[in-house]
Amino acid sequence: MTLHILNKSPSADALIKRMLCAIEDGDAIIMIEDGVLGALDAHQGLFSSIPDNVALFALEADLEARGITSRISEQVSIADDKQFVVLCSDMDKTVSWY
Amino acid sequence: MTLHILNKSPSADALIKRMLCAIEDGDAIIMIEDGVLGALDAHQGLFSSIPDNVALFALEADLEARGITSRISEQVSIADDKQFVVLCSDMDKTVSWY
Amino acid sequence: MSEKKSVLIINQKSPYGDAAARESLDIALTCSIFEMPVTLLFCGDAIFQLLKDQQPGKIQQKKIEAMLSALPMYDITEIYVEHDSLIQNGLTDEDLCLPVTLIDQSSISQLINLHDTVLTF
Amino acid sequence: MSEKKSVLIINQKSPYGDAAARESLDIALTCSIFEMPVTLLFCGDAIFQLLKDQQPGKIQQKKIEAMLSALPMYDITEIYVEHDSLIQNGLTDEDLCLPVTLIDQSSISQLINLHDTVLTF
Amino acid sequence: MKFSLVIQASPFSHQSTATAFRFAQTLLDEGHELFRVFFYAEATLIANNQICSPQGEADLPQQWQTLAEEHQLDLVVCIAAAVKRGVIDDNEAKRYEKASGNLRETFELSGLGQLAEAIAVSDRVITFGA
Amino acid sequence: MKFSLVIQASPFSHQSTATAFRFAQTLLDEGHELFRVFFYAEATLIANNQICSPQGEADLPQQWQTLAEEHQLDLVVCIAAAVKRGVIDDNEAKRYEKASGNLRETFELSGLGQLAEAIAVSDRVITFGA
């Protein structure tokens, strides 16, 4: 099981498409830095293809910085720095997408 | 009349779309650095919307570096460094897209 | 300096993830101090520079929103936002910290035409 | 070092415009010297790192192609290329400077599964 | 659990070094071990001791140094990447005939082998890039 | 015709500074005037005199210096951008209590006003970024 760490916004189409192709059952995704822009409700379609058992997170500090905490999709859970570390240790490995 | 200087590859979709929207009759485009990847014959469709009187160039040194000089679209003219300078002086202003 | 060249600054980068937002703003303020007419255009991810309620304390950065709010004091009031980008992100101009003029992507060429020099960030 | 962790390096950046190609290669060679099994994957613009006939003399850089050609000497022979990216750019594996294995984008997950550590460039 | 971090992006134009710093702090708070932080490519720039962080802004080089001193962290800066970016210790200053080194305390220049070792011995290697 | 160039990207990870150098050389060869080259943001890193360019590779800082000496070019490095990146002249070294400056000869630290002036007086301002 892999934690996919995404730090680019939805404007990085090709990157996000590649990452989504690399997702397997039981993986998780965390959006950090500019990546959290993908958590917006308006971009819900972006992650429509991922399996139900793939959890989708966005990093709290980056959501708050950008003022979008209240605008995120229901699909996305907010992770604080501690949960980010927990996710990294719970999953077998991480892949950073940038 | 504006010279548009593009240095990102076709994978920068949104950027290229914005640049194409900003093109007017009589403008010119020069692809430099990674931008020259857009000169490939395979990406001919990218520039299908530009008016006939918009000239399309790619910088010679960057085409050669990447080994794609022989693979470029008929639409694209090769400019050497000197022609790049001439284009900048012939047009009223330049906009760099990156 | 004899001439007053007009400057269009095209912003395309999101705040915080990239330093371009602040670098661009510093140039806008300087040109304005030198009495050059400055117009700002925000496209793509750069619209997030203008979003209200930014709280970058946890990531130890300064509020871009607060810096941009100072623009009217520097007589920079020509602020354009690519409407298409707002829509794509589910936002409207009421979500922004400054009064702006919405334009379609297809109108960018007119802005370029109206200015002597164009800088991009 | 007791374990021999296997390393997958995912390359996505074009040569020359970005320094990532060389930085990635240096890590691949080092891991191989330390006897860690290394697999390289080239996706998107990174396929141009492998293209034949590069002549970066005028831009004063070293041939990435030449450096990559040395990989087999370092026992790095697991080289995968995203087939979709070749097709989009009108290229085939005959245009590349090394023997590679073509894979579909949908097979990247299998490569990730097979390795202990994944680095991206 | 034993972590190592690889940081690749410039601290001056990307968030990576700051995000990695918070991550390092948090994992140590949680009782994990941080085996090594490897600064590569543009991230090596952080170890220049002539950086003057603007007043009222985060001083990331100092923050890393303080964290390293508190927890005896191994902050390794890739020597090849650093030297070509003008970040050198006194040895390199001599070798390249420069007046003096400018490597910040607690950071150490070393080769990519340190990264290979970190990969070999760590349970998790997390990359922060841009 | 009177040109000025604005360079924004890191010389270590992008082509911009190299492309701008060829452009500068060519425009001078063609008999144009180069009023000023303004190094901004990450591009200010080029003026660090502790950079040790690898053997057999282009030494861009030296190339810019040589071109500037030949043509009395005005190479201006944005002071705010440079100082926070650890590129300082002797004045700044004193002000920030650093052991010494590391600004390469022929480069000069100055403010953004120099860019505004370049825009005001040049016929063309070409930006090289990434």
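All chains are identified by letter, namely A, B, C, D, E and F, in their written order; residue positions are counted from 1 within each chain.
In the analysis below, contacts are C-beta pairs under 8 Å (C-beta built on N, C-alpha and C of every residue); 3 or more make two chains touch, one makes a residue touch a chain.
Please read all numbers here as calculations on a predicted model, not as lab measurements.
Undergrad: Among all the other chains, which ones are in touch with both chain A and chain F?
TA: B, C, D, E
Undergrad: Once the contact rule is applied, which chains count as partners of both chain B and chain F?
TA: Chains touching both chain B and chain F: C, D.
Undergrad: Centre to centre, using CA atoms, which chain is the farthest one from chain A?
TA: In terms of C-alpha centroids, the chain at the greatest distance from chain A is F.
Undergrad: Same residues or different residues where chain E meets chain F? The copies count as same if more than half of the interface numbers are shared.
TA: At the contact between chain E and chain F, which are copies of one sequence, the residues are largely the same (over half shared).
Undergrad: Just grab the chain with the largest centre-to-centre distance to chain B, centres being mean Cα coordinates.
TA: It is E.
Undergrad: Which of the two pairs, D-E or B-D, is linked by more C-beta contacts?
TA: Higher contact count goes to B-D.
Undergrad: Taking each chain's centre as its mean C-alpha position, how far apart are chain C and chain D in Å?
TA: Chain C and chain D have C-alpha centres separated by 39 Å.
Undergrad: Roughly how far is chain D from chain F, centre to centre by C-alpha average, rounded to an integer in Å?
TA: 33
Undergrad: Taking each chain's centre as the mean position of its Cα atoms, how many Å separate chain A from chain D?
TA: Taking the mean C-alpha position of each chain, the two centres sit 26 Å apart.
Undergrad: What is the distance in Å between the mean C-alpha positions of chain E and chain F?
TA: 27
Undergrad: At which residue positions does chain F touch at least two other chains?
TA: Correct list: 12-15, 19, 22, 41, 80, 125, 127, 129-130.
Undergrad: Hunt down the residues of chain B that sit against at least two other chains at once, touch-wise.
TA: 7, 11, 14, 33-34, 61-62, 93-94, 96, 98
Undergrad: Among the residues of chain D, which ones contact at least 2 other chains?
TA: Residues 16-20, 44, 58-59, 61, 117, 120 of chain D touch two or more partner chains.
Undergrad: Which pairs of chains touch each other in this structure?
TA: The list of touching pairs comes to A-B, A-C, A-D, A-E, B-C, B-D, B-F, C-E, C-F, D-E, D-F, E-F.
Undergrad: Going by the contact rule at the top, pick out the chain C residues touching chain A in the complex.
TA: 14-18, 44-45, 48, 51-59, 61, 65, 88-91
Undergrad: Using the touch rule from the top, collect the residues of chain D that touch chain A in their complex.
TA: 10, 12, 43-44, 82, 105-106, 108-109, 112-113, 115-118, 120
Undergrad: Please give the residue numbers of chain E that touch chain A in the complex, ascending.
TA: Against chain A, chain E makes touches at 1, 3, 14-16, 19, 22-23, 25-27, 29-30, 32, 123-130.
Undergrad: List the residues on chain E that touch chain D in their complex, please.
TA: For this pair, the touching residues of chain E are 6, 8, 40-41, 80-81, 111-113, 115-117, 119-121, 125, 127, 129.
Undergrad: Give every residue of chain D touching chain E within the complex, in rising order.
TA: 1-5, 7, 19-20, 23, 26-27, 30-31, 33-34, 36, 117, 119-121
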